[in-house]
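Please read the structure below before turning to the comments.
For clarity, chains are labelled A, B, C and D in written order, and residue numbers in each chain start from 1.
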Amino acid sequence: MDRLPRWADVVLVPLVSLLFAAILSALVILAIGQDPWEALKVMVEGALLSAYGWGYTLYYTTSFIFTALAVVVAFHAGLFNIGGEGQAQLGGLGVALVCLALPWPHWTIALLAAVTGAALFGAAWAAIPAWLQAKRGSHIVITTIMFNYIASALIVYLLVDVLRPTGQMDPATARFPETTHLPTLNDIPGLNLFFEKKVPANVSLFVALAACWLVWLLLWRTPLGYQIRAFGKSQAAARYAGINPVKITMIAMLISGGLAGMMAINNVMGEAGRLVQNSSEGAGFIGIAVALMGRNHPFGVLLAAVLFGFLYQGGAELGLWTSIPIELRIVVQGLVILFTGALDMMVRMMLVWVFGLFRPRRVGVA
Amino acid sequence: MAGTRIGAEGRPATAAPFAIELKGISKAFGPVQANKDISIAVPKGTIHGIIGENGAGKSTLMSILYGFYRADSGSIWIDGRETAIPDSQSAIRAGIGMVFQHFKLVQNFTVLENVILGAEDGPMLRGSIAKARQELERLARDYELDVDPDALIEDLSVGHQQRVEILKALYRQAEILILDEPTGVLTPAEADHLFRILKGLKDQGKTVILITHKLREIMEATDNVSVMRRGTMVGTVKTAETSPEELAELMVGRKVLLEVEKTPAVPGKVVLAVENLRVKDEHGVERLKGVSFEIRAGEILGIAGVAGNGQSELLEALGGIAAATGRIVLNGTELALAGHGADGQSRRAAGIAHVPEDRQHLGLIMDFAAWENVAFGYHNAPEYRKGLLADNAALRADCAKKMETFDVRPPIPTLAAKNFSGGNQQKIVVAREIERNPDLLLVGQPTRGVDIGAIEFIHKQIVALRDAGKAILLVSVELDEIMSLSDRIAVMFDGRLMGFRDPDKTDERELGLLMAGMSGEAA
Amino acid sequence: MDYATLLQLLDSTLRLGTPLIFACIAGLYSERSGIFDIGLEGKMLVAAMCSGTFAFYSGSAWIGLMAGIAGSLVFALIHGVTSITFRGNQLISGVALNFVASGITVLTAQSLFGQGGRTPPLTGAARFNEITLPFVEALRPVPVIGPLYAEVISGHSILVYAAFAVVALTWWVLFRTRYGLRLRAVGENPAAVDTAGVSVKGLRFSAVLITGVLCGFAGAYMATALQAGFGKEMTAGRGYIALAALIFAKWRPWPALWACLLFGFFQALALRPDIVEAVVRVKVPVPALDALPYILTVLVLAGFVGKAIPPRAGGEPYVKER
Amino acid sequence: DPAIIYDLGGKFDKSFNEAAFNGAERWAKETGGTFKELEMQSEAQREQALRRLAESGANPVVMTGFAFGDVLDKVARDFPDTKFAIIDMVVEQPNVKSVVFNEHEGSYLVGMMAAMASKTGTVGFIGGMDIPLIRKFGCGYAEGVKAVNPDAKIVVNFTGTTPAAWNDPVKGAELAKGQKAQGADVIYAAAGGTGVGVLQAAADEGILSIGVDSNQNYMHPGKVLTSMLKRVDNAVYEAFKEGPELKPGITVMGLANDGVGYALDDNNKPLVTQEMLDAVNAAAGKIKAGELTVHDYMSDNACPAVAF
């Protein structure tokens, strides 16, 4: 069994997977009688060739960074957290409660409080599946799926029966006060030279970048990260080393849920300014694709999140200007997850084969 | 060498047709050449032994014969005809049955269901089950192979599970039965019973291939024996015409010196005192049933026993991994027990180091680099930290130093643990634990799957630690290792210690009886 | 709650429980063989789209059913290749295929019909219409039993009765046939099956394909019996509820039937919060009823309501070792 | 170019959004112009959709559904030069035209027809999302029923409390079956895309149904008694025609200006008796003349004719 050089493993495998997904998507577009090349042009124009497009691409990127980091932290502890969606929605609840609770004097203070609220609520929603996994061995994949549904039911209940202001018909909270509005990129001196009009991307982007760096620091530069990674690689060995499985499972999932919840500062606080139903719009699931694509490394996540930000903004443009339904982006997302997450062995085998063509046969291996 | 060579090259004129002939079998797993051009011939109606060190390629060869792996080259001949065995189905059709080292039974099926699995008559179960029930009764009568056909496998003892495996093969009308290290999990008495069964099979004209690396069993049970070393076939001899010494030399490739050079022990004060230690497994079954002993400074206590008699649980209880009850006193201070607040961390802090039995699953994170593994278990130690962060530079330097001291090859701290050979992996673990200078060292199977050179090195390190006045608890299933390293020997059977022996005043026979659960007085 | 209301709820339960039963039993085959499948939802959706489309073009519900099965089989096959041939992560594969299904169904239906990802409404023979069982009128005057027979048991599409037959058949296959023995064994210990000379891959593929066929029934029922045509995301999480029911039933056929009926009953109740309110005398929020199956499943998973032990080899790709 | 955004449920819901679509299409056919359109996929997208269309230069931007009210209030300020029109909601901004309907008046008329067509004396109402706007339909309907038959029983259900309630045909069908079991033989569906399921189930069960917003009589010929027309198409058509000169302010469309009504065509002719027509037309006349006032639920959040 030949093995791939490290750079191929890190760079080539995700790129080839992406290529496969792109080719299949192009075939799908052809099959529904549209022109894939045109589609790509619309996507690039709408997502990358204007300040407006970047404003949205970066807005989505911000959300995806948070949900993908959530997947990454859990992954390194050997846990597959599919509950990002529910945790992000609960994070939205945390943000809403914080923003509506007090008359915040300035957005900076409000942001700090909202980050805390979002992280706490997201973490709390991850805590139950984590505890069930750690203490009772309930499969975390199944429990987090269930918790996504329970979360959306809970949010519906709260929005309809508890948080909806009287007289309002749509199930949503009241608008957050003006002082909690986060500066968008066009409000930031310097950046406003590029972003001339209001865009949804906001200071949360910088929080997301900081989160990338902190997660990297946590995982590879602290004893806690060491323990998380060791536990994820081998639970038996971790027990031998005295790493407490319950503690690590809980900590990793709390961090994971907290990160997923923090996404809400971007969409709920930064963009919508109120909590609506299904505020996360599937970003929790996209986080899985982004994490897989980014090879479960914060830096890879950053790149993959921009890519998916592009895909999402570009996909919205497709829905707007062409007759290709917006659902195309869900297909692409699914294909990326399939190739990077489940068929990586196939991709790797193909690469090994290709590499073999270019390498002189070594003789006498033993 | 002595003895008549038999096989493809030198077939005795009088021999019956061979039940099996393997010709020029080779098989590589990536860079590892597990079998190199192996030829072997097994006469019909004999018990044929195959011996060799760990990793010699015995199991690989038999798995090829059973269609489990496909050989890279070579051919298989059954009853004088070349037969392709691309899968187990073909092997079964050719009359081959195999009992694997790790049983292949469905735990929550009954014996009957396991026996008919894959050998049902027709698509409905009812008929198959009735037929199998009758057949099992007959086999039980003919071969001393009785088991309750309706018992669930998970409720059976290991010995009985093995019988089910043999029944499975016989039910498929196997003419050739392969057993891969069947006695590793058996007591000597159970092993004797097994050999009686095998003799019975032989008398019925069946052919048996017995894989083992225990010389005693080869001498006792086989007609011919083939020796493998590092993927090659060294030779085949008639058992009656060889001796254990000769076989050992063939196996290892040079004269073996089983003695370890060491001076007599000078025991000091009591370091570890254990009282009435008990451990239950996850099913609530008591695996360690009240063990008490002491180890003094400058002393190696060896624990002998058949695998699975509670040695692992003893190590885990002392190492803070398995929840236990009883008392553990180290240097006069009682330690908390795992399950009551203690874990591997607190044990290390108290001065207990632990070389676990299974380095790949416990001792190392195979995907981590060597330098990360050098901190494994000690990752919170202050010298590896810089403020809140880990001091990775210090870790790398420490790793390089340990690699040099312990002659780890290649000495590259950034190489992943999985890329070192077994012996070097073991050296990394031993270096990590010994260099901590613990008061008590727990060592499990320190030389399993390790080559002779590394064995000698690791043994020396253990003795040196003893001479530095530390206490050592050694657990091994290799009697030779126990005999040569220990200053005192205890035998473990069924979760209990069967009494202590002085290595100079005992022998393998006596220890063997103790391992089988017979009390020392009767021996 | 009067008897008539109860009957009406039970009637609704049968209708809503049927897709769950098909999907749950579908999952049972795959998971019993050791291949986890969280892609039931996606397969149902694809089947619903294919059956709606073909039923519309052909005017025959039966052709729709065949097409639904075929569509679902394609996805089952991909899952099989991914998790059996390439030993990929079964959970990730399932998640991925659900996304692909969710998008591709809308894309296809939209490009064919241009109605926002819907198929046109199906009428007449393009749907599985309700059938009336014999003796309904004769039995109706009989107290209790009569109305039960007439209102609840009679008057469903043939697929509802097929769902019950599938449960019985599955029980029989699993515990009375050679195939069932091997299927159960391969999910517990594939090495035992392999060394017994039976192909692990073959068994697992067969199980995954059966899963595809049954998901095909589930989806076709949605589009051609429960509703009259395909609509975007019309399965609405039923695949996950079926998965929950499978766990709740601890991977056994008859309990699976009861779990699906229970969850179907919850769905029926969620439609009628007024009845719930009348019975328990407090206002129960509808979302609480919606979440009930998931909450119950979590409790089961947590071992508070009996422990759910999945097939031991489940989720692990099979790699030969000695 | 003008643009239109459809609410959840989609432009082919055969009801509310489809009416808007038809209005836009009519404008396109008559003028040869083109328009942009967008369907909502989720709650959270509203703002982006609105901004994107305004940003792209579309003018006016028309949206269907009260749920846009909140975001429009925000976005309209950022695009002072763009005109917006919102249906079913009042947004008080200088560049927004708000169109609301007197749905209770149209519902009153179909309520009368329902009561006259019913043989059991029990009729049903299935509303979509349970909000005052939909109760307004239900209340008008109930008054119409009671006007014909004061002893009639009216069974009321809603399909949910979130916008998902507009697009759940399964639920609609189950509720229709439930109402039939309670004796209803005419069911009025005011539930957007969910109504498709109601009409289907009613047809399957052999009872009558009443469509809403668009003319839905054709969906099950001879089985849909009538449809309560809400001329969203006219509103959209007018807005598109006015173009960038769209006049801001509130427009109320009722019986008097043909904003609401009932549908009569070949599909339901056999079901509608002359007696029904006479009664309904008489009532319509009185309402237009101001002699008869139908209670508007949203005026006091109460309904004298039926308890919700």
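As a working rule, contacts are C-beta pairs under 8 Å (C-beta built on N, C-alpha and C of every residue); 3 or more make two chains touch, one makes a residue touch a chain.
The chain list, named the UniProt way, goes like this: A, C = ABC transporter permease; B = ABC transporter ATP-binding protein.
Just so you know, these numbers come straight off a predicted model, no measurement behind them.
**Student:** Which chain lies the greatest distance away from chain B when centres are computed from Cα atoms alone?
**Tutor:** D
**Student:** Count the C-beta contact pairs for B-C and for A-D, then tell me which is higher.
**Tutor:** Most C-beta pairs in contact, of the two: B-C.
**Student:** Could you work out how far the Cα centre of chain A (ABC transporter permease) sits from that of chain B, in whole Å?
**Tutor:** The computed centroid separation for chain A (ABC transporter permease) versus chain B comes out at 46 Å.
**Student:** Between chain B and chain D, what is the separation of their C-alpha centroids in Å?
**Tutor:** Averaging C-alpha atoms per chain gives centres 78 Å apart.
**Student:** Starting from the mean Cα coordinates of chain A (ABC transporter permease) and chain D, work out the distance between those two points in Å.
**Tutor:** Computed from C-alpha means, the inter-chain centre distance equals 39 Å.
**Student:** Chain A (ABC transporter permease): which residues touch two or more other chains?
**Tutor:** 156, 160-161
**Student:** Which residues of chain C (ABC transporter permease) are in contact with two or more other chains?
**Tutor:** 117
**Student:** Residue numbers in chain D touching 2 or more other chains?
**Tutor:** Expected reply: 39, 161.
**Student:** Where do chains touch, given as pairs?
**Tutor:** So the chains that touch one another pair up as A-B, A-C, A-D, B-C, C-D.
**Student:** Over in the complex, which chain B residues touch chain C (ABC transporter permease)? Could you list them?
**Tutor:** Chain B reaches chain C (ABC transporter permease) through residues 59, 63, 66, 68-69, 87-89, 91-93, 98, 100-102, 104-109, 113-114, 116-120, 122-126, 128, 168, 180.
**Student:** Which bits of chain C (ABC transporter permease) are touching chain D when the two form their complex?
**Tutor:** 4-5, 7-8, 11-12, 15-16, 115-118, 121, 129-130, 151, 226-228, 231-232, 234, 236, 268, 271-272, 274, 286
**Student:** Sort out for me which residues of chain A (ABC transporter permease) touch chain C (ABC transporter permease) in the complex.
**Tutor:** Checking each residue of chain A (ABC transporter permease) against chain C (ABC transporter permease) gives 28, 31-33, 80, 82, 128, 132, 136-139, 141-143, 145-147, 149-150, 153-154, 156-157, 160-161, 285, 288, 292, 324-325, 327-335, 337-338, 341-346, 349.
**Student:** Quick check: in the complex, which residue numbers of chain A (ABC transporter permease) touch chain B?
**Tutor:** It comes out as residues 1-2, 217, 221-223, 225-227, 229-230, 233-234, 236-237, 239-244, 365-366.
**Student:** Please name which positions on chain D make contact with chain A (ABC transporter permease) in the complex.
**Tutor:** Touching chain A (ABC transporter permease) from chain D are residues 36, 38-39, 41-45, 47-48, 51-53, 55-56, 66-67, 69-70, 74, 78, 131-133, 161-163.
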